[in-house]
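Just so it is clear, A, B, C and D label the chains in written order, and each chain counts residues from 1 on its own.
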Amino acid sequence: MSSWGQQIKLSVFGESHGPAIGVVLDGLPAGERISREELSAQMLRRAPGRDKTATPRSEKDEPRILSGMLGDKTTGTPLCAVIENTNTRSGDYGNLLTVPRPGHGDFTGFVRYGGHNDIRGGGHFSGRLTAPLVFAGAVCRQILAARGICIGAHIASVGPVQDSRFVPEEIPEELLRRLSQSSFALIDPAVEAPMRSLIEECRLSQDSVGGVVECAVTGMPAGVGSPMFDGVENRLASLLFGIPAVKGVEFGEGFGAAAMRGSEHNDAFCMKEGKVATVTNRHGGILGGITSGMPIVFRVAVKPTPSISRPQQSVDLTTGEETTLSIHGRHDPCIVPRAVPVVEACAAIALLDLLLSSGQPLPRTDPE
Amino acid sequence: MSSWGQQIKLSVFGESHGPAIGVVLDGLPAGERISREELSAQMLRRAPGRDKTATPRSEKDEPRILSGMLGDKTTGTPLCAVIENTNTRSGDYGNLLTVPRPGHGDFTGFVRYGGHNDIRGGGHFSGRLTAPLVFAGAVCRQILAARGICIGAHIASVGPVQDSRFVPEEIPEELLRRLSQSSFALIDPAVEAPMRSLIEECRLSQDSVGGVVECAVTGMPAGVGSPMFDGVENRLASLLFGIPAVKGVEFGEGFGAAAMRGSEHNDAFCMKEGKVATVTNRHGGILGGITSGMPIVFRVAVKPTPSISRPQQSVDLTTGEETTLSIHGRHDPCIVPRAVPVVEACAAIALLDLLLSSGQPLPRTDPE
Amino acid sequence: MSSWGQQIKLSVFGESHGPAIGVVLDGLPAGERISREELSAQMLRRAPGRDKTATPRSEKDEPRILSGMLGDKTTGTPLCAVIENTNTRSGDYGNLLTVPRPGHGDFTGFVRYGGHNDIRGGGHFSGRLTAPLVFAGAVCRQILAARGICIGAHIASVGPVQDSRFVPEEIPEELLRRLSQSSFALIDPAVEAPMRSLIEECRLSQDSVGGVVECAVTGMPAGVGSPMFDGVENRLASLLFGIPAVKGVEFGEGFGAAAMRGSEHNDAFCMKEGKVATVTNRHGGILGGITSGMPIVFRVAVKPTPSISRPQQSVDLTTGEETTLSIHGRHDPCIVPRAVPVVEACAAIALLDLLLSSGQPLPRTDPE
Amino acid sequence: MSSWGQQIKLSVFGESHGPAIGVVLDGLPAGERISREELSAQMLRRAPGRDKTATPRSEKDEPRILSGMLGDKTTGTPLCAVIENTNTRSGDYGNLLTVPRPGHGDFTGFVRYGGHNDIRGGGHFSGRLTAPLVFAGAVCRQILAARGICIGAHIASVGPVQDSRFVPEEIPEELLRRLSQSSFALIDPAVEAPMRSLIEECRLSQDSVGGVVECAVTGMPAGVGSPMFDGVENRLASLLFGIPAVKGVEFGEGFGAAAMRGSEHNDAFCMKEGKVATVTNRHGGILGGITSGMPIVFRVAVKPTPSISRPQQSVDLTTGEETTLSIHGRHDPCIVPRAVPVVEACAAIALLDLLLSSGQPLPRTDPE
């Protein structure tokens, strides 16, 4: 199912080479001001062809809002946005219909849908389906921003090249704001050159490379989320694993915590500006599934783009014979930079849903 | 919410020091034979006090089945099991009511429930609530086993001490069966001694230590799961993050994939015994959210037990003053061994739910 | 599935002749004071054997609360209550296992569960399963009452004998309070004698009779519910049809509206005590699926008890031959009086769920 | 929420006077052949202006399928269809923004959405939103038809004028097929003239009139649905009450059963063509929430169109003063004829969802 959520119901539709893709967002609060410029800005960050490290396709990705907005405000009824597919060259994918690409969902989708799904360009499994996700996130993040909740992510690593990490106790809003407007988001700008070199090297060698996205959220009130299955970690993970190529999600110290002692890992409580806080933030802002009021910090592992131009071994599903496959489409050698806004979008959607489910009122902090 | 699932609805209830804990499993197929011995065996693996590395409490954890079974078979209507709380010494937790324990859900639960939740022994947040999960998993795994689906997990690491890893392409059922009956599950028995030493050392130094659980599932048919939000990874993660202390979940190569090239990571397709398979299994049995027919492999990061006897800094929630907290309860210095059956249980529940949602028939493979 | 709800998750379990029946209520607000006396009072209204018109069985129906309460307040975590089955004489139902009772779910349950469900006494389909529903409703109605929301229902008719109807524009709280404490709830006490005579006549002639329950709710704020599928009518109906024997649900004028003109049926808006109201209330307090602030009024059709002692034609499912069935159990000739508290309970559960989903704050109106 | 379903997720979006309306259907089986002619035929039945009794607006209501179809077959991924709004004259509704129309959702929507919803033409509450429902139903009914499941409804009454009723034991497929292609569906053609006269009389007197739609489904296998809250009646009702103007739903004898004795109402079981059946069908094909294999029969009460041209009393929401409202838009004096295909559509959607949830295989009965 491509549907998600409790108070907010998200429904993503479309195939890479079909007429259009889009999203329905049901359950948004009414009367929220949504800037179309900010929507476009987020769409642009994810769009391909914006950056020399990305694929040269120039999809316009201009969403048309069909419902749920009156002027610049949400109506509270379902918001639907549609993005037409204009720049599709199906010929590139001709032999994929019978020979599944290694590392892609071609084969599993073929079994799941009995061969009836549209696998041109990945069909519904395509990374292009993250465009409606970014749109939905761009709506939700504006509603959160009006409550002082700020989201930003960066390229924590590409292959072995690492950016600085967030200092989880103290994440300045300005940093998150800068990251959330960048198309190659890094905490340490000096890392950009070596990262781009590595990506370019992969492109030249007809290869690809994976990486990690780290995301932080400040301003979330304490007490949001529920124990067991509706915790912040459960809900966020259930959405984040919907991003193609994501193979791991960790919160706070994450897998690093597995190597620590309790005396190292526990975050002592203290009073800060009259509120309960923690001295350190190894818990990543979530304890028992519930927000602590400290910044939320999580990381997402992105596998290397499976579409590489080198010949690869596969199987012809029609004959059952092993064969060699060469992919000639246009592909990013590294999708991690473009995954950054998608991860932020998922954070925005999940946190707004959790906030609305919490029964806490949604007071506005902006002047309006 | 402590409710989960689509075709199967799981509802876990209870507080550590209340009258009883338990679980309702709605949506099970009817007529499935369930061995009570196998249920008890799984409960025993998780139960405390079974092993010198674990807490000395001897809870009996004997589930009483109230509904949903007639003789030794499921009726198809909701199955409810209740476990009485017998061995609770609330006195141990006296000062916790106002001073939250670092690393626990005491503080966040206090905010979430306005101070009304029962935090004696962790209340609904207690690790004890994994007992009903293990029970539910022990029911589901028997239904899966009758279809040739086998689940096993092991202690991949405790602190820096590592077990061998699964060879993901080739996981023998016998290994999984052995692991799923062990109370200190390891692939390489030689690792047991150093692991136990480390845990004992933590106990003596009033400290605790984290670790990683690795789980594998064989026999899942290809084509189960859906793209985007109802993929195997999404559903499994949404359940696994419900286990207290879990801070990370990864599939296949997981975070390791982030450092790889596409040419290293992609799994070539091949024919094996007349079926499409992959030569390697870095994808962990899941592509595009859907099972490939290869073994499913995932890892779960468990943080160190937050309950340690050393004095820790905290805050008195009634006075708003910083204070020092000493915990005198009985606590496992390492819960990773006991987390193994819980992780397996989550896998069983999630995969049965996914299988029933897939629309694929559920043919039995056992003689009956 | 025997699970229901969005913000509140209700899970009912048990079989009539199994060890116990019960309910889990997840998602309740924390810190709500719940009077056990009021719980018992509601359980008693539904319990059999309290009234000469009802079956002579004397089930105690004493719920044991296993979780979710601390002292007399909700904790906010799942509340589970269990009712032991004590007075069951399975022998009465011996031949039902192979010969389905006309009008019951025996046959359809047999097909649905492949013959594996427990059909002694109706099993999970038994009217006894309304006891946990009444318990759950008795919890929810106390939470609503603390906000000034009052629920009451009455026996609108038994066969051709009719009680007065609510005057939907003006329903006094005192009336609802009186009805909600009565075990044979009538607006017009003069109707009791002829109704009881009719029921007694049915008993003597080994027959049964149906009726209508009418329910009203006052004090619901305007603006609760959503258009299309999460309207008050949708949610209430989806719960009310879970009461065995309910075959129809109508709101406001209901089926009567089908025979009216728009000029007769439309309710004019007016100002009343500074608030928008309607002069008449043919819409039953719901317009476009959303509460208008006027009293909610609905009716529920209850079919005659299918268990009658007269010989009836049925089929032996083991031989496929037609046969005659005689039922010798103890049965109410009319379950309508005991259905009244069940209908009220469903109203309480559905309206609390809708209120919590509405995002409106839940201010208390009682002194506390 | 405008989202519905379990195995099938339905999401309806749009406002009457916004850019477009539409629907997403997630969870459809893959490889199902869908005839666009049949889709158009159903859309045409509901479309206004097709019949002299209906409003003269000539909306084209031509759905554009954006995803989920490849050629003439479903892909199994979400199917989205969009219908542009072309013929909207917002001027007609000018004063509605502040003065709510009696009998409409204007006022309740205003409170629910804080005045931010688009109420031009009813906005998201408009009867126009049934067009996407009919589209979705037209997809689902073709999938059901390929399994021998046939759906048809008729105008059971308009005001006091009544059509014949179904003979519930014996409903010929040919009758259902004829009804499901008619734009003024009646069992007895002789009733058409007096019904049309009555409707015309209402139009001339600036009034409107309500009615009842009766629907039947043949070919449903026994054993579909679940006891308590996921029964056929619960699920169908939760969808049917989403149709604007529906105020009552009853199954089988429905409210008539309330006046009957058990000995009259119980349906005796018998053997018919080697299968268990019932001699009569007062239960309307559903016992204990589960299909019995007999035809499903239910009725829906439709209130008179609230939009009438006569001056009506209302309130100016901006000033809080009572005022008189005159509506000058184009309105059907009776929407019952156009509600017939909407009721059929809801039946198709709910029954396909139930069938897919039942775990029963979906064998095709057509030659393909």
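Here is the rule we use: a residue touches a chain if its C-beta (ideal position, glycine included) is under 8 Å from a C-beta of that chain, and two chains touch if they have at least 3 such contacts.
What you see is a predicted model, and the numbers here were worked out from it, not measured in a lab.
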| task | Could you run down the chains that neighbour chain A and chain B together? | result | C, D
| query | Between copies chain A and chain C, are the contact residues mostly the same numbers or mostly different, with half as the line? | reply | same
| Pick the pair with more C-beta contacts: C-D or B-D? | C-D
| field | Computed distance of Cα centres, chain D from chain A, in Å | value | 38
| remark: Whole-angstrom distance, CA centroid of chain B to CA centroid of chain D, is 45
| said: Based only on mean CA positions, could you tell me how far chain C sits from chain D in angstrom? | reply: 27
| task | Would you pick out the residues of chain C that each touch at least 2 other chains? | result | 1-3, 12, 77, 112, 124, 227
| task | Over in the complex, which chain A residues touch chain B? Could you list them? | result | 1-4, 10, 12, 100, 102-109, 111-112, 124-125, 129, 157, 159-160, 202, 207-212, 222-231, 233-235, 237-239, 241-242, 244, 246-271, 274, 276, 278-279, 283-284, 286-293, 299, 301-308, 310, 312-315, 317, 320-322, 358
| Residues on chain C engaged by chain A in the complex (per definition of touch) | 6-7, 29, 77, 227, 356-357, 359, 361-362
| query | So in the complex, which bits of chain A are touching chain D? | reply | 1-3, 9, 11-15, 18-22, 24, 26-27, 30-31, 64-68, 70, 73-80, 82, 112-118, 123-124
